[in-house]
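Dropping the structure in here first, questions after.
Naming follows writing order (A, B, C and D), and every chain is counted from residue 1.
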Amino acid sequence: MRSEIITLNKSRNVTLTIYLQSVGGEFSYVPKRPAILILPGGGYQFCSDREADPVAMPYLKAGYQVFILRYSVQAHNQWPNPLEDYEQAMCLIRAKAKEWNVYEDKVAVIGFSAGGHLAAAAATMAENKPNAAILGYGVMGKDVKGCNASAPDTVDAVDQYTCPCFIFSTRDDGLVHIDNSLDFMKALSKYQIAFESHIYAFGPHGFSTCDASVQNHNNRDICSRIPNWVEDSIGWLQDMFGGFGEGKLNEAVCKPHVTDNYKAFLSVDCTIGHLLMNAAARAILTYLREQSQGSGTVDDMVQNMTLREAMHWQGVKEEIIVGVNEQLGRIENRI
Amino acid sequence: MRSEIITLNKSRNVTLTIYLQSVGGEFSYVPKRPAILILPGGGYQFCSDREADPVAMPYLKAGYQVFILRYSVQAHNQWPNPLEDYEQAMCLIRAKAKEWNVYEDKVAVIGFSAGGHLAAAAATMAENKPNAAILGYGVMGKDVKGCNASAPDTVDAVDQYTCPCFIFSTRDDGLVHIDNSLDFMKALSKYQIAFESHIYAFGPHGFSTCDASVQNHNNRDICSRIPNWVEDSIGWLQDMFGGFGEGKLNEAVCKPHVTDNYKAFLSVDCTIGHLLMNAAARAILTYLREQSQGSGTVDDMVQNMTLREAMHWQGVKEEIIVGVNEQLGRIENRI
Amino acid sequence: MRSEIITLNKSRNVTLTIYLQSVGGEFSYVPKRPAILILPGGGYQFCSDREADPVAMPYLKAGYQVFILRYSVQAHNQWPNPLEDYEQAMCLIRAKAKEWNVYEDKVAVIGFSAGGHLAAAAATMAENKPNAAILGYGVMGKDVKGCNASAPDTVDAVDQYTCPCFIFSTRDDGLVHIDNSLDFMKALSKYQIAFESHIYAFGPHGFSTCDASVQNHNNRDICSRIPNWVEDSIGWLQDMFGGFGEGKLNEAVCKPHVTDNYKAFLSVDCTIGHLLMNAAARAILTYLREQSQGSGTVDDMVQNMTLREAMHWQGVKEEIIVGVNEQLGRIENRI
Amino acid sequence: MRSEIITLNKSRNVTLTIYLQSVGGEFSYVPKRPAILILPGGGYQFCSDREADPVAMPYLKAGYQVFILRYSVQAHNQWPNPLEDYEQAMCLIRAKAKEWNVYEDKVAVIGFSAGGHLAAAAATMAENKPNAAILGYGVMGKDVKGCNASAPDTVDAVDQYTCPCFIFSTRDDGLVHIDNSLDFMKALSKYQIAFESHIYAFGPHGFSTCDASVQNHNNRDICSRIPNWVEDSIGWLQDMFGGFGEGKLNEAVCKPHVTDNYKAFLSVDCTIGHLLMNAAARAILTYLREQSQGSGTVDDMVQNMTLREAMHWQGVKEEIIVGVNEQLGRIENRI
């Protein structure tokens, strides 16, 4: 494994540690690898070593190229310095994708605590978005002001362009309130963004991988399920990126948006609420409603259900669903 | 194992299936067992067999006494019929606790989909609350009106008396929107209720245990992490109830409330926001704030953090924390 | 779930407990189920409840029809009484396969300690063999004489007709020495029988499922990996039987014999040692050896390697392997 | 993480790759780390990259210092060259233990295939034995001659000084026959050496960690349980070495010998067979036998059972066991 530390910004003390694994040769069917960029926590006052190397190891095992960004902290933490550091790192990774054997459209980011805030900022407001983001006990909401007054609320920044997210935290985290995770998920839900989330019943802030060499297990009870986030996040990345196939990654099994609300044209996989905002689609749904035995008007239907699911639920025949889908497919999706 | 079906309400076709395991004898250190009451789903139109027996098995394996309630559906689903059925079942289990070798204060409820709604109603508005509730892809919000117009929104019903909850669902559930789980968690958060939650990236509605004999795996991709909820829920129940010890359950490692906001007297384990609502406590915090180097007033502090955590964060000495705790402990907690 | 106790032999106090799950209806793609017959341990002096019901639960969860045989013990334990009890139970299960919705060629047996001896006897010397056998800390060798002087050594009974086995135990089992498992595996190896095995570093005899409600965890250290045998055995049964498919079990991915040494005709999947015992095959191998660059004669080749693997190892072209296979396929396999 | 390649023997092209993690600082309770030395496979013709870096990652995650030895192969593979390379590497690791922050008495070795042979040689015949050995689909027996005619049979080399072993392989490994693992375990059993073992039903030779980036999963069925060996081996090492504690490793929960047969003085934790070889001990056992109701002589007792276990089994009182233990403790254990 090749290992190196690249200075990104000398005056702000920003570095990128790179861990690059071999491709080809004995790994003949692996010409490139997906990648992950680690953003350690530390309240924008330092970059914790506990959330740096120990986090690299499981993703290296899973076959990733791994990068650790030590971004601007303390005197240099004024926004948007940290986000600029991220942009620089992500640009470099993608620019060097060929040399570093990285799939440039399969680069995830993972951040913890304040680093989780930065990862959420990357996922929502960066110019060079990651392809997936893992947010560990992150300060996604306005609570971030408590450690960095200049840092923005990332919950407000979620929109349809936000990348898929994997969120984990503990319910009783005393430092970063669980509402940070909940509010962020609620925003992702609003914009149809794919996500997965694991909130463990109890445990300390800052557990990192929760390996016994990183999080001291001798002092207190720690919820035994916490370490599962590591393997679960790897499984999730595989769902979003595709697993290792013959000379390429296999097809992903999970889409970045859970509905078609943000596609160019309408479909039965848009939500009913979304379709009803379009006059032509509303006319189609109204006609369908009149034909069915359902009582009430289209506005009484469950607005956040997709039309396909609603028709399945009502036992509508597959051929009719296909026909409706074709009709909707001719309507441009302007929002 | 003793197995029996008890008719609870003949006219409404309500039954309680009981699966009772042995105690004593070769299980000499197990004089009683915790219990779980299963509420299958089915849109208040039927009680699904897929969410009945198959759900019983893992809890039986984990040492529980297991009960399955087939509650009022279809013509009988008018609220509060289903909740009354629950009350009747829970009363019976606790009344028979001695005969059935059940720890009467360790009875959980688990519900799926519409049964998840009923379990959430039990957790929030029942007279005979369960000691813990597991809610699988439950219809906790007003969406329940789509399948039972008379059923109440349980999100609104969450308060400080709600029991601890374990919540699982899939992000792209097409039938029950993820907001049902998110909104419920947000309400639990508000009232300091302990919970754990697992939202899987994708998968069909109604997967039950997701065993291959219950959920057909041959037709579509199913998120490989879904089946984990079963063992995770068993681990969580052990955290809340305590594991099997010598002639009793061991002490629980997780408390039902994550702060002391609802205790009889104040403490440093109350949130700052809560303490500031009390004049005497506000005076103490204001004095502390003035003594510390922190800028801003007490109202600028992170309101949902406990005072203990905030003092830890600021490096306040343990003896001072103990002293403050004693002072607060003399103040009655009226809210 | 239907539950019943059938008396098989009143004078010897032999019973069969049956746990039958539903098929069809909401389990529309499950018309039948595989089955497992549980043989509890107890030194042929009793049938332990700890290795009866608690063992049933995980296989019920996995979709099996489950049977528990309480066989002849104490005064009635004279061989072949226990084996006859087994034969009677297995005959009944297969005779009732249609009524009980059982795949009659997918019936496993699982036994513990002395019950592991009986399961091994079923696997090796029964007239009505199971389709797979799970042997938990079993007394497979002559040590069985210590608890039942009339019981036979099952290691000696292994032959080519023995069914596939899954074997688990602990290294430091003080009651049943690990050599029982090792010697049995060595015998299975000799006859090319498929098996899987897990020997855990340490732990008490008789842990059953090792659930905390069955095996007291409060008194001593217990190897944390022990409980894995349960899910591993379920995965193994699926490998041997095939998982639940549409109206049938999917194709099995693991064969009952690991080579073709016991097929009607020879093939490249026979071991070299086996092929060399046949004059015609020996001639073919000798010719091949002469053509290759390998030094030494055919008798210097690794005798327990299959010819296919040896040719792969030497880089022989696939088309030549196919040709050799055709030649061997014309030679009858007499042994 | 510090990474470096040290040349151990230039003429034979032997190198040691070192991966050293931080101690102290943010890892304040971790002043040193246990270590593992990786020996890749490759038939003594090469050192496979697939069994080098990918194997390092999980042990790094688990908190280990990791070393990879590329030993003498091809023209240099003449025995004892590879073993000498091992001795040199192990000596260096222990000599540098202080500088490299390694617990010098907690250094494991792991080897695969031919590297498994070398690891087994280290465990049995090295001057500088490892403290534990992990043997993956290793060529422990005389089959090693097939790839290195000069290499010794390590099964024959097992004795009372062999270190504890963790053994894994697949039942149908076509290249290295399962008997290699079985015969090695049988030898370990004879000399009371602690071990753990996992033999998976089926799978290819050379799967390494079985991660999808190392072992191509697209071509064939691979037993789904294979990857478990990685975490299981980490758990086993923790059992043998002790987990991370406050400034030291916690006490180990598993002993290197499963009986006291090799202690300086006799005890009730020696096997009966061993005790009977000593005249004084034989006299004690004979007396005990006469006092008990057991039929037969001491030579009829199960010879490989410890006396403690046998007395427990017969219900002998604890105080008598203590007394017998004291008597035996005065007898020197000469063998």
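The criterion applied here is as follows: a residue touches a chain if its C-beta (ideal position, glycine included) is under 8 Å from a C-beta of that chain, and two chains touch if they have at least 3 such contacts.
Being a predicted model, the structure only gives us computed values, none of them experimental.
Student: Which contact partners do chain C and chain D have in common?
Tutor: none
Student: Which chain has its C-alpha centre farthest away from the C-alpha centre of chain A?
Tutor: Centre of mass proxy via C-alpha means gives C as farthest from chain A.
Student: Distance-wise, how many Å sit between the C-alpha centres of chain A and chain D, to the nearest whole number?
Tutor: That gives a centre separation of 42 Å.
Student: Centroid from C-alpha atoms only, then distance chain A to chain B, rounded to Å. What do you get?
Tutor: 27
Student: Could you tell me the distance, in whole angstrom, between the mean C-alpha positions of chain B and chain D?
Tutor: Spacing between the chain centres: roughly 45 Å.
Student: Quick one: which residues in chain D touch 2 or more of the other chains?
Tutor: none
Student: If I apply the definition of touch given earlier, which pairs of chains qualify?
Tutor: A-B, A-D, B-C, C-D
Student: Going by the contact rule at the top, pick out the chain C residues touching chain B in the complex.
Tutor: Residues 1, 3, 21-22, 25-27, 29-30, 33, 48-50, 53-54, 56-58, 60-63, 209, 211-214, 216-218, 238, 243-246, 250 of chain C touch chain B in their complex.
Student: Can you list the chain D residues touching chain C in their complex?
Tutor: That would be residues 143, 146, 171-172, 174-175, 177-179, 182-183, 185-186, 189, 194-202, 221, 223-225, 228, 232, 235-236, 239-240, 253-254, 258, 302, 304-306, 308-309, 312-313 of chain D.
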